[in-house]
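As written, the chain order gives the labels A, B, C and D, with residue 1 at the start of each chain.
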Amino acid sequence: MAKSDIKTIGVVTSGGDAPGMNAALRAVVRACSYYKLRCKGIRLGYEGLITNNIVELGPRSVSNIINRGGTILKTARCAEFRTEEGRKKAYENIKKNEIDALIVIGGDGSFTGAHNFEKEFGIPTLGVPGTIDNDIFGTDNTIGYDTALNTVINAIDKIRDTATSHNRMFFIEVMGRDAGFIALNSGIASGAQDILIPEKKDEIEELFEAIQRGEKAGKLSNIIVVAEGEELGGVYDLAKFTKMKYPKYDIRVTVLGHIQRGGEPTCADRVLASRLGVAAVEGLMEGRSSVMAGIRSNNVVFTPFDEAIVKQNVINNELIRIADILAR
Amino acid sequence: MAKSDIKTIGVVTSGGDAPGMNAALRAVVRACSYYKLRCKGIRLGYEGLITNNIVELGPRSVSNIINRGGTILKTARCAEFRTEEGRKKAYENIKKNEIDALIVIGGDGSFTGAHNFEKEFGIPTLGVPGTIDNDIFGTDNTIGYDTALNTVINAIDKIRDTATSHNRMFFIEVMGRDAGFIALNSGIASGAQDILIPEKKDEIEELFEAIQRGEKAGKLSNIIVVAEGEELGGVYDLAKFTKMKYPKYDIRVTVLGHIQRGGEPTCADRVLASRLGVAAVEGLMEGRSSVMAGIRSNNVVFTPFDEAIVKQNVINNELIRIADILAR
Amino acid sequence: MAKSDIKTIGVVTSGGDAPGMNAALRAVVRACSYYKLRCKGIRLGYEGLITNNIVELGPRSVSNIINRGGTILKTARCAEFRTEEGRKKAYENIKKNEIDALIVIGGDGSFTGAHNFEKEFGIPTLGVPGTIDNDIFGTDNTIGYDTALNTVINAIDKIRDTATSHNRMFFIEVMGRDAGFIALNSGIASGAQDILIPEKKDEIEELFEAIQRGEKAGKLSNIIVVAEGEELGGVYDLAKFTKMKYPKYDIRVTVLGHIQRGGEPTCADRVLASRLGVAAVEGLMEGRSSVMAGIRSNNVVFTPFDEAIVKQNVINNELIRIADILAR
Amino acid sequence: MAKSDIKTIGVVTSGGDAPGMNAALRAVVRACSYYKLRCKGIRLGYEGLITNNIVELGPRSVSNIINRGGTILKTARCAEFRTEEGRKKAYENIKKNEIDALIVIGGDGSFTGAHNFEKEFGIPTLGVPGTIDNDIFGTDNTIGYDTALNTVINAIDKIRDTATSHNRMFFIEVMGRDAGFIALNSGIASGAQDILIPEKKDEIEELFEAIQRGEKAGKLSNIIVVAEGEELGGVYDLAKFTKMKYPKYDIRVTVLGHIQRGGEPTCADRVLASRLGVAAVEGLMEGRSSVMAGIRSNNVVFTPFDEAIVKQNVINNELIRIADILAR
């Protein structure tokens, strides 16, 4: 489809919600308005395409949402969109609504859906990375990641008050099923004695070394940050195992859980979302599709879905090194 | 002991830490300085009395701590202080340090210890209620309670972003082993669909009624707040049981855990702690002992330990009524 | 009007906005729904009565607003409502909308308007105290006051970082044109060296004494909190005057300004607003009018407008005494 | 000096304080400990060098400071260090303390001082960029900048509650004497209708266009963000001038002031500070000097002081373009 042919853009938030999705949505809607395109919001993720739960969005529809967590379009994981029949219904509703191209704000699962949909029905799709996990290739940061990091360290700061007051050791589980980004960065920022992430090996020995090193160094309380995807088993097992090895420690566990997904987006997430939302509209207008908009080294870049979905952001090994130096 | 005989006051933080303990400590130290008394800080709760871990505190020792969570004196639960031998050692150290009277910042367990100690050794003791649970008779609010409430509602606000975006039901466990104060107030303040507390009966039926009522009223997401002491079993069981009854709901559980004990104290907690810290010093100077300082209807009152320990703050039934009206 | 005659309640937010107004509005709407009354929201304060800017409110209209600052009905000060003609138009629209009674969420200016309106036209009115200034007689706290206090101390905590790092003296102006509640409580809670409020006399001498005392005590940085209504002139003059007297101090001024009016309400404000919103509806149903709902010593009380408007909440002198003791 | 000769590193925080300086200091101290170097902290900026206000720092000296605003070493601007005599005294104290190299955490003024000092006395110096203004060449972000941005948007979010509730226009002055980074990013993130920064020209016309455009688009409230260095005169003049042109607007002004310098550092600032603190120690060990450590495109880079001081970070024009698109 040539760029001049796009008159109406559909926008959907899909997968797990992330702070900043509303800011991205606002940017898409305002950019459409700026370029005199119509914009239609699909509610409840891909489900809204299938059930024709679609609303017209004008610039005032997105007033005062830049600072709100969650997504006003709501989101869902949609099994039916993974079936051919489901996507067919979706296509019919896209036609019915005269949507010429689709912007998907979500994670790589959502991009896979968009990519397949484009291949089957020829509707140009463009992705905006919205997930707290930061595990998407093609952008330095995903929308929501910076907010989640700050939510985590604010929680750990509170827990540290108790850890220090009681000379306790706390195991704190943070999100990141497949990637240790949240654990590693929040662990450094909260002065963790050790950080356990899926990407590291031999962690239990390292953990015990870290604990002993802390003891020698005169540390009376300890924070251990554990990524939920950590391979040694859940954070409770780790705590039990540690207690067996070091019975004298007063050990507690906290699973931060869903607070990490919500909250008002940080400045960085709002700016990132604003830039990517505009870039998504402009990308479609320039004829791009099956790509994800991202920011690398402060520049907007577009990465083919194929690449964004298959490749992984990798942990910066320098951070692992730094974490170890600082926990002395 | 006549008031003129008090020359040195010892101060200890004991039991679980609570935000505002530092503000109370600061007030005790500054009031001592104002009245030209010496002040000695006992570290690590009653353990510091037994191990003679005691430091002189001047007004500059407590600079810039009014806004800090935890307690700079640290705290612990001390089994040895429950033995006669332990208390004897404590008494010897009190004599060695020329401490004439003792201010205990803590909960009712700590007050029981102080009370017994006074009965055995004649050292005047005075309590300041510091605990997030608000379960102490003789004061409208305990130090730390208001902060914990705000920590809880800020966490639930974040969770609500996700609940609303995904049309989910969240079960959220908050602290309050014996009392539903935190659950009831935070539940009202976060717009919970139902609130389960130890003080209410027939809760599971009420919960199911609340869920059905919410459904009829068109609510698509729900927050259920559960006090940890809730008698029906843990929050996970409640969630499972609800899922069995209402399989269509997408139900999640979050246990807020230790973040509730920490954080910077709110204004109300800092003012409360400041008032009670001064009142404690003045109370001892006026010859009071074996009492707890509290604030009721905005006035400082002193309640005998006997009463403070045995009686319970009771839940305001009007709040239960209000919670029900608002969840419509 | 007998209670059974009330079928529709109008609700308006009026005067300056305050955090918790939305929570109060939600409680009014939900209580109406609970008692099977209709509820109509008047937009933009009394102006909406005059321009017939009135909307039906159902329980879902107020979903997810309990945690939002400001007021979704918007508010304004309305000169026309102070004229007979204006009020006549208002009455006509009230009749047109079949509104039987009016709940006014606002300050004493708004209550005066309501009171006059009731006297002229016989429409029962009931007030809910919403203002950050806490200067209304008949309630221990007004809605928004606790939130404003916390906003102020969080701001001063930040400023203290700089004050301490640079050994500086900061003069910080907080709101409170007629009353020193915010200044006094936030001053105590932020460890201010002195607090200047309209209610105290001879303040400049006291200020200089406080500064000298701080110097003797070895304090290197100082926070001075000043209520905006302070009679000695603006905070800038005070700072200049102090600089002339103590040239060696590095003095800075910050006027906190409008951030004090906004923000998410605290738990205490949400609960207070929820209780008063329900009480307002129930009060009207019981036949009360020309009264304000308030909470004193944790009980709902109703105070005649005449009294609420004329009398003043008075500063607790004990707090002034405490503030002095703690600044040592 | 060959790298093997460095046995003791001095560290100083200088100039205006910035959140994250403590995290950087902690990283310097811990890295010294890791590499078995001694570390000495110079208090009160360069003044401490002149007055020999210098303390030994071990890894436990910096426990629990990673999350604190300000700087525990304190800071000052020091006129005497700009004189030859002052620097001579500084050198003598450096010798007396056996300090072999100096790490300066501060802004470009502090780097100029360090650079001159190194040229005169041959003490290797290395800079770490700590300032909220982000106006230092050689690093994508300075330490404290991300925190300041979040402080600003949280304040504006509160003000927006009032702006929206009252249909008002707010002029908000933020820091940035020479550079519009804070204004531009916080303006985008808070949905400002216009952003006035020193780098843009013809701003008053653009402002009036923005206001008219907002009016046409149906906006009832407006946020205008103004950098303090804005050339058209202070924010009060701008507001007055706008009021003359658009008398019907209800215009208010807020100067955010010193709250922007304080507060707990964000996760990004803590990680940045941690990385740069370690890099500074390692840089000196590798024989680098008269350079500043920075992070560009997620890699540590060292920029000669000559360059860092003379060159300027430039505003990203894409952000100006985005801001305009989003304010529709």
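Annotations for the structure displayed:
Please note the rule applied: a contact is a pair of C-beta atoms (placed from the backbone, for glycine too) under 8 Å apart; a residue touches a chain by one contact, two chains touch by 3 or more.
Source: prediction; values computed, not measured.
Annotation of chain A and chain D: not jointly contacted by any chain, touch as defined at the top. Put simply, the C-alpha centre of chain B and that of chain C have 28 angstrom between them. A straight line joining the Cα centres of chain B and chain D is 39 Å long.
Chain C and chain D have CA centres that are 36 Å apart. Each of the following residues of chain C touches two or more other chains: 157, 160, 164.
If you draw each protein chain as a dot and join the dots that touch, you get one closed loop, with every dot joined to exactly two others.
Working note: touching chain pairs come out as A-B, A-D, B-C, C-D. Across the interface of their complex, chain D is touched by residues 23, 26-27, 30-31, 33-34, 59-60, 63-64, 66-67, 140, 146, 149-150, 152-153, 157, 160, 164, 185-186, 188-191, 217-219, 264, 266-268, 270-271, 274-275, 278, 296-298, 300, 316, 318-319, 322, 325-328 of chain A.
Against chain C, in their complex, chain D makes its touches with residues 13, 16-17, 19, 44, 68-71, 74-76, 151, 155, 157-162, 164-167, 170, 252-259, 261-263.
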